[in-house]
Amino acid sequence: MTGERLKSPIVPTVPFDRDGKHHGFLRLPYSRNESAWGAIMIPITVIRNGDGPTALLTGANHGDEYEGPIALQVLSHEIAPDEIRGRIIIVPYMNYPAFRSATRVSSVDGMNLNRSFPGRADGSATQKIAHFFEEVLVPMADVVLDYHSGGKTLDFLPFACAHHLEAQGQQEACVAAVRAFNAPFSLMLREIDAVGMYDTSVEAHGKVFVTTELGGGGTATARSAQIAIRGARNVLIHAGILDEEIDVAPSVMLDMPGDDCYHFATTEGLIQPMVDLGETVRRGDLLARVWPADQTGVAPHDCTAQRDGLLAARHFPGLIQMGDCLAVVASVLE
Amino acid sequence: MTGERLKSPIVPTVPFDRDGKHHGFLRLPYSRNESAWGAIMIPITVIRNGDGPTALLTGANHGDEYEGPIALQVLSHEIAPDEIRGRIIIVPYMNYPAFRSATRVSSVDGMNLNRSFPGRADGSATQKIAHFFEEVLVPMADVVLDYHSGGKTLDFLPFACAHHLEAQGQQEACVAAVRAFNAPFSLMLREIDAVGMYDTSVEAHGKVFVTTELGGGGTATARSAQIAIRGARNVLIHAGILDEEIDVAPSVMLDMPGDDCYHFATTEGLIQPMVDLGETVRRGDLLARVWPADQTGVAPHDCTAQRDGLLAARHFPGLIQMGDCLAVVASVLE
Amino acid sequence: MTGERLKSPIVPTVPFDRDGKHHGFLRLPYSRNESAWGAIMIPITVIRNGDGPTALLTGANHGDEYEGPIALQVLSHEIAPDEIRGRIIIVPYMNYPAFRSATRVSSVDGMNLNRSFPGRADGSATQKIAHFFEEVLVPMADVVLDYHSGGKTLDFLPFACAHHLEAQGQQEACVAAVRAFNAPFSLMLREIDAVGMYDTSVEAHGKVFVTTELGGGGTATARSAQIAIRGARNVLIHAGILDEEIDVAPSVMLDMPGDDCYHFATTEGLIQPMVDLGETVRRGDLLARVWPADQTGVAPHDCTAQRDGLLAARHFPGLIQMGDCLAVVASVLE
Amino acid sequence: MTGERLKSPIVPTVPFDRDGKHHGFLRLPYSRNESAWGAIMIPITVIRNGDGPTALLTGANHGDEYEGPIALQVLSHEIAPDEIRGRIIIVPYMNYPAFRSATRVSSVDGMNLNRSFPGRADGSATQKIAHFFEEVLVPMADVVLDYHSGGKTLDFLPFACAHHLEAQGQQEACVAAVRAFNAPFSLMLREIDAVGMYDTSVEAHGKVFVTTELGGGGTATARSAQIAIRGARNVLIHAGILDEEIDVAPSVMLDMPGDDCYHFATTEGLIQPMVDLGETVRRGDLLARVWPADQTGVAPHDCTAQRDGLLAARHFPGLIQMGDCLAVVASVLE
Amino acid sequence: MTGERLKSPIVPTVPFDRDGKHHGFLRLPYSRNESAWGAIMIPITVIRNGDGPTALLTGANHGDEYEGPIALQVLSHEIAPDEIRGRIIIVPYMNYPAFRSATRVSSVDGMNLNRSFPGRADGSATQKIAHFFEEVLVPMADVVLDYHSGGKTLDFLPFACAHHLEAQGQQEACVAAVRAFNAPFSLMLREIDAVGMYDTSVEAHGKVFVTTELGGGGTATARSAQIAIRGARNVLIHAGILDEEIDVAPSVMLDMPGDDCYHFATTEGLIQPMVDLGETVRRGDLLARVWPADQTGVAPHDCTAQRDGLLAARHFPGLIQMGDCLAVVASVLE
Amino acid sequence: MTGERLKSPIVPTVPFDRDGKHHGFLRLPYSRNESAWGAIMIPITVIRNGDGPTALLTGANHGDEYEGPIALQVLSHEIAPDEIRGRIIIVPYMNYPAFRSATRVSSVDGMNLNRSFPGRADGSATQKIAHFFEEVLVPMADVVLDYHSGGKTLDFLPFACAHHLEAQGQQEACVAAVRAFNAPFSLMLREIDAVGMYDTSVEAHGKVFVTTELGGGGTATARSAQIAIRGARNVLIHAGILDEEIDVAPSVMLDMPGDDCYHFATTEGLIQPMVDLGETVRRGDLLARVWPADQTGVAPHDCTAQRDGLLAARHFPGLIQMGDCLAVVASVLE
């Protein structure tokens, strides 16, 4: 009804406007069977040094994606206030209940934070988190970096990406920030189903926005963690907050121009992958075979490439259900 | 009491002594709330062509390990009876309830099949499966190949391995079969806690036994699946069942000589890996850092290498509990 | 808020306007812990032969009711395009997640599809299904047949039924279609609590609507399945889509005129039925006794008929809770 | 180890050797999270009038079978001590935790009471119940009647049955008691897998034993309850405990001579029954079709009769899993 | 949408306007997997004797608080119609599903009834209960008494309380009723987060409202039950419904003037309480220590008093989570 | 079978024979779905100063009892090696999985540690813990103190107790240690059902054994924690390990001589306590009333005292099940 106008029940235990480095929590009161007067305590770090731009950095929007949380713990630990100009707000475990249960969606209300924006002050825990970002944190920011990876069920080539936006200037600023992030791959996306996304919410505030997919499987590697750390530092330098030289390496520009990039399973079963991430395929090549999970003696279902390109994403678990996305084939632009 | 002497309730729907290729099931009656007269139907393929040696090939001893099931579906599909001499018994999903639920242990009784040998004819479903292998299938075999990978919670460099055995001749036969498998890495293991293992049971029957660890994370890749397929064909050739030339490539010999190979987490938290699988480390190098999962502003716990070597295995999920194995550092022998 | 104006995220994989018989799916994207880019795949068949009326046939609105799904698989399999004029849209498993879990309500969001209309494009899975029928499928139809049975917890005499409607012409058309269905029993209903029902939604679109209760207990019999198959064919003939002779048998007209038809349990316990479905009772006759589930030595609670009539429905499970409907006694009109 | 020699922890609150009718409990101490000093209270009635034979009557050996519990509550309520000679021990809810949760096996330890004999005094709750019957109640009895029905997942024609026994005299006494029970159908069974059954245990004590299958689906009807009540009274008369005239009606003698009586599902899916219980079939007749639960457009799997006979049992739920018993075809002997 | 205007589906089985004592139920239809035509039956007693004021008395707003339910069963049993003037409406188990599962929030929809006002006629079960009170019961009342205690996770000194209200006259009437209740302690509260509370709803209707906290831990004692019984009788006398003398004893007036009354856990662990309820503390005194739950050898976290006062409430379970309220220190006013 | 002879898989990370204070873990390997190479890490502290007697102190044998864990964390923290002579082995969270889940029995295997002795080296986690105490820790000890309280479902007057033993000398030593513990109450117990208890196991080793019940409800108070701390110090002084003066206060000697001390609930419902812990009752006094949990208008079941004495224990939760222990009335001996 008028829930959106209510004030957030979330109380930060750190100041946003005081110089120095402050570690604390976003305290979200959460009454439940296990604790009548309990709370969800979302860790937050604010680093500030005088006036200047504000960067808002978030990880674990989905709770089973780890490159963001790792990079943000490292940055929160390493960056000293006197290295910066302006402000860095770091929330490494954005959907904290999902992060603690190592699941994509919240263990507390079953909701996907990245489909819960703009949230509700009187909603469930996930909706309250969305609402607080929408009303309090995003408005403070100039540039927003939200880390994603494939989580437990997808695996991606490491890329940063920006969205096609109607505001030309904003889009150009976003692309520049994506290039600064300088992941091994970069991507322009046109979201089809953008309702409820954090991305959409941040962009609607007119902010510069960078998002990523940096790996997957519910794990991180030394390499993927390093990409995440380096990318964030680069974005902070690009934004004028960190005063260093951007560390630039080549980045391959990808495109996912049409529906035929996405390959869906037409049966359930056991996946035999025929191509690995980053390998090149031609239209008609075998991407994977799906064997029955309940018998032998039956031929597999073949999944063949619908287009030329490079395997950019894949279903991660060994078993697959009908309708799951089995593989994504992207085009190489540069 | 005398449960071990009881006859197995499991009934195979395929013949073991008839030439040709037979696909069917091991029918394990399983009365439960959802089906009073139900059964667990474990797929099996028997390929036979006259007299000759018998190979018993098994996957999904742990239900979240996929290289074995993939290779065995491929072999069961591809190998024609007239290509072989003797007999191949293929059980791609050995702990079928675990495989269907994509979990290490059985979803039906919570038991680890690889700690349930020699099993019980009047026990739980997992114990009945163990008992049937112990009493019926293993005695038929000359060579036994049991596939493992790291499952959802561990990741391994791909290796095949044999155990140190008291019977010198048996050990040599096992090592020869491991070399025939020809995984990128090979390993000799001295199991500390071998009670209840399928390995121990097969070896106690005096059989030639090969086991593997071919990857992990609850997924397979095109590369790891290929290692599994090629390895089994090589073992079948080595055993004189398939009449082809063994496909030989270099294999690095590893050793895990002592307890100091194993690195355990001394705190729970978020893992920042500092080294990836296959990379070389020196004693004292940082293997990983563990960050607190509930706050920022606290230094990480460092996990450093207790010995020189190569990172051969690692904890896979992004979060870790105290006492979990975080990393295994192996020595390179050849 | 304005969720209802959003476009449905459901994508059909079959054409609605091409002649022939097309089997496919309503693809409902469903991101969850188990599959970040997964989907709910609702089977659908469209049979079309030129212009003419459209019939929309649905089963498993509640997931534990089987006559509809059986009849619709049979029709989808048997009817050839050249047997018909116009179009038949068949969705045998309307609330697919509920059907797969064999439960009345959805296993995915716990919602009762038949209380979820008009649905929401940005709601939960069940709400999205309702919304797609409301916005896309029902508008295409001229006549709508939605199968119900008692499910796991109720058992009914087999009847088809129409509702009392304010639009006299529409009601007459519905009654004619019910008579065409020609179940052993027929019924006119005045729904008390019609909020959120598919029935209400279809009728509000001005369509001819037939619904049924054809048995129950979470099973079907050869007889009840046959009633369902024959009834649908009769409705299609009646609608001018199938060009055959209607198969007419006697149908007993029932009425449930007042609240005294419904008999509720006033205590929990073990039911001893004293009358079976279809038997005649007089006011005051013993319908059932309820014995305590926790002791012997205590007299049962008697449930006696509040009116003359015939036992038309009953609680199915052996145990009952206070407040459950124990029995329905209907009047015979013809 | 020597658990079987331990004294049962179960304490009856009723006397077994005092004249009159006594209602009480078998008190089984059960310490658990919800009650450190709690107990399972199994209702029991003992009716005694001087010396004479003892009948032990039990229901809910499986917790979702209702004819036995109903009949035993009725008898426990109606029979007065002065109507009998000797003793009747009535336990209407033998596996009480299973009965309360309306499930086949115990909700407390997941065990099937009818596969738990001879039980253990220091085992789980179900094992303790088995042990108490084995050691205390069965030894008191001359004739034992244990009611079964199909439960939630099977449906049977109503029959009483005896087993083929090695002791000729005992078998004849059992058959005579089965004929006295006088269900609509009667059956001689040769149990294949009799390990752990109550039946086996009772027969090993040399007692006269009658068991039944009186319906199924997790419900009872007025008719099936009446068969159960009348059958028990007849057995008590036959045993010389009740002094009345046996109520005799025709009973059809069935036989299930071979494995081909049992028809198992070879695929999972939605069952379309083609024959109902009690109907006659010829070898090759269609018993049921199984349609896919996840798509349309695919032909069903046909299940045809493997022999002539009469449909004596069937899978009850609308969906079926591979390996489930779909139908039992029995021969008619008389 | 316009859900708030819909008529409640709840049907009372007792009259509100007939003299005498009537025991019955609020029948809330509740269709679910376990019972398609089931209901939630909320016990209610109405006692009436001619015209006069109406008191509405409720317990188990939270399902794990017992003083209210006990007192209301006692009053419902003991009070005869001719002892009173006017009407008493007693609902001892307001959130009946929560009460039956002994949990704070509803076991049926997971909702906190005391945050669900004003409810919805077409909402979940808890919302329907709130709606019925909002629309039907509260409007009938002149004085409303709603019992609370700490539930399973908090423990309180026994107090009754009123809220600071804008309407001066109403506030005075509430305070007078609180004094009449005459618990050992009394309190004035300024609710910070009053959205969705029953309190707020009742006060918005302009009614005289008394609420309490009378103990906790998910239990009641003879003493706390007696306080509850006596308090309600006193309120009824005060309201002119019971014609007796008020039983007056001293009551200590408490105040919780600021945020520093509330002490939250800053770490998870095992609580060592250093002060018990009712004991006096000085600012800086140790209230409790929190020891690590996963190791020895680490110093505890100390929680010291932020102000002088008396320990008025505490976390009850032995373990605590970060963010839980550990202790409340109140000031003594009189 | 011969499982008991196997060596324990548990590995301590602390030395038992080195002087000083050592904090570490009993590492119990625990392979499971969530961690293939995981472990249960049970905290342990060993304090040693030269030769002398060994005391073994344990808490959380049941996981929801807190006085023991608190006292043992305090002692483990406070006692310096040079204060003692001999050795103190402290295991504050004996059944660690139960302690972490705050439940009586293990969350890992559902077993009650205090009914699992002598355990099994190849059993479940709880059996392995029992086996390690049986084989390794108890043999090291001279005096053993095992703390208990009522847990979440019982509440006790605080007492220490010894058992009647056949060995007169051992019994006298135990009584002396109980008197040294000096709880407000002391008790001699004759365990009826001692099979599988730690107590029985320790006593069978011929050790001096003290156990306690110090409160309950799943909480501790400042007072009960203090009793636990003081009692352990007194026992250590008494054993000659701590060199201090025993702190002696009066202790009331209780007796529970017969079955009539125990009062069981004969119905389920809501408890109205009429007497509090420590209050004196006469035979026939009302101890509690049990009101129905599903209706009003029905008289309560009264539970009256079966003997004179003092209320020593009671059921804690507000609701009770049939068969639960409602109250224990003890006699006062001194």
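Order as written gives the chain letters A, B, C, D, E and F; numbering starts at 1 within each chain.
Please note the rule applied: a contact is a pair of C-beta atoms (placed from the backbone, for glycine too) under 8 Å apart; a residue touches a chain by one contact, two chains touch by 3 or more.
Computed from a prediction, not measured in an experiment: that's the story for all the values here.
When the CA atoms of chain B are superposed on chain C, the rotation angle comes to 180 degrees, reported as a multiple of 5. Greatest Cα centroid separation from chain A: this falls to D. With each centre defined as the average position of its C-alpha atoms, the distance from chain A to chain E rounds to 43 Å. Chain A and chain B have centres, each the mean of its CA atoms, that are 35 Å apart. Chain geometry summary: the mean Cα position of chain A and that of chain F are 49 Å apart.
The set of chain C residues touching two or more other chains comprises 25, 41, 64, 294, 322. The touching residues of chain B, when paired with chain A in their complex, are 21, 23, 25, 41, 43-45, 64, 66, 69-70, 72-74, 76-77, 90, 92-93, 99-100, 102, 155, 217-223, 225, 270-276, 279, 291, 293-297, 299-300, 316-319.
Of all the residues in chain F, the ones that touch chain D in their complex are 62, 64, 103-105, 112, 115, 150-154, 193, 195-196, 264, 315, 321-325.
The residues of chain D lying in touch with chain F in their complex are 6, 9, 25, 27, 29, 31-41, 122.
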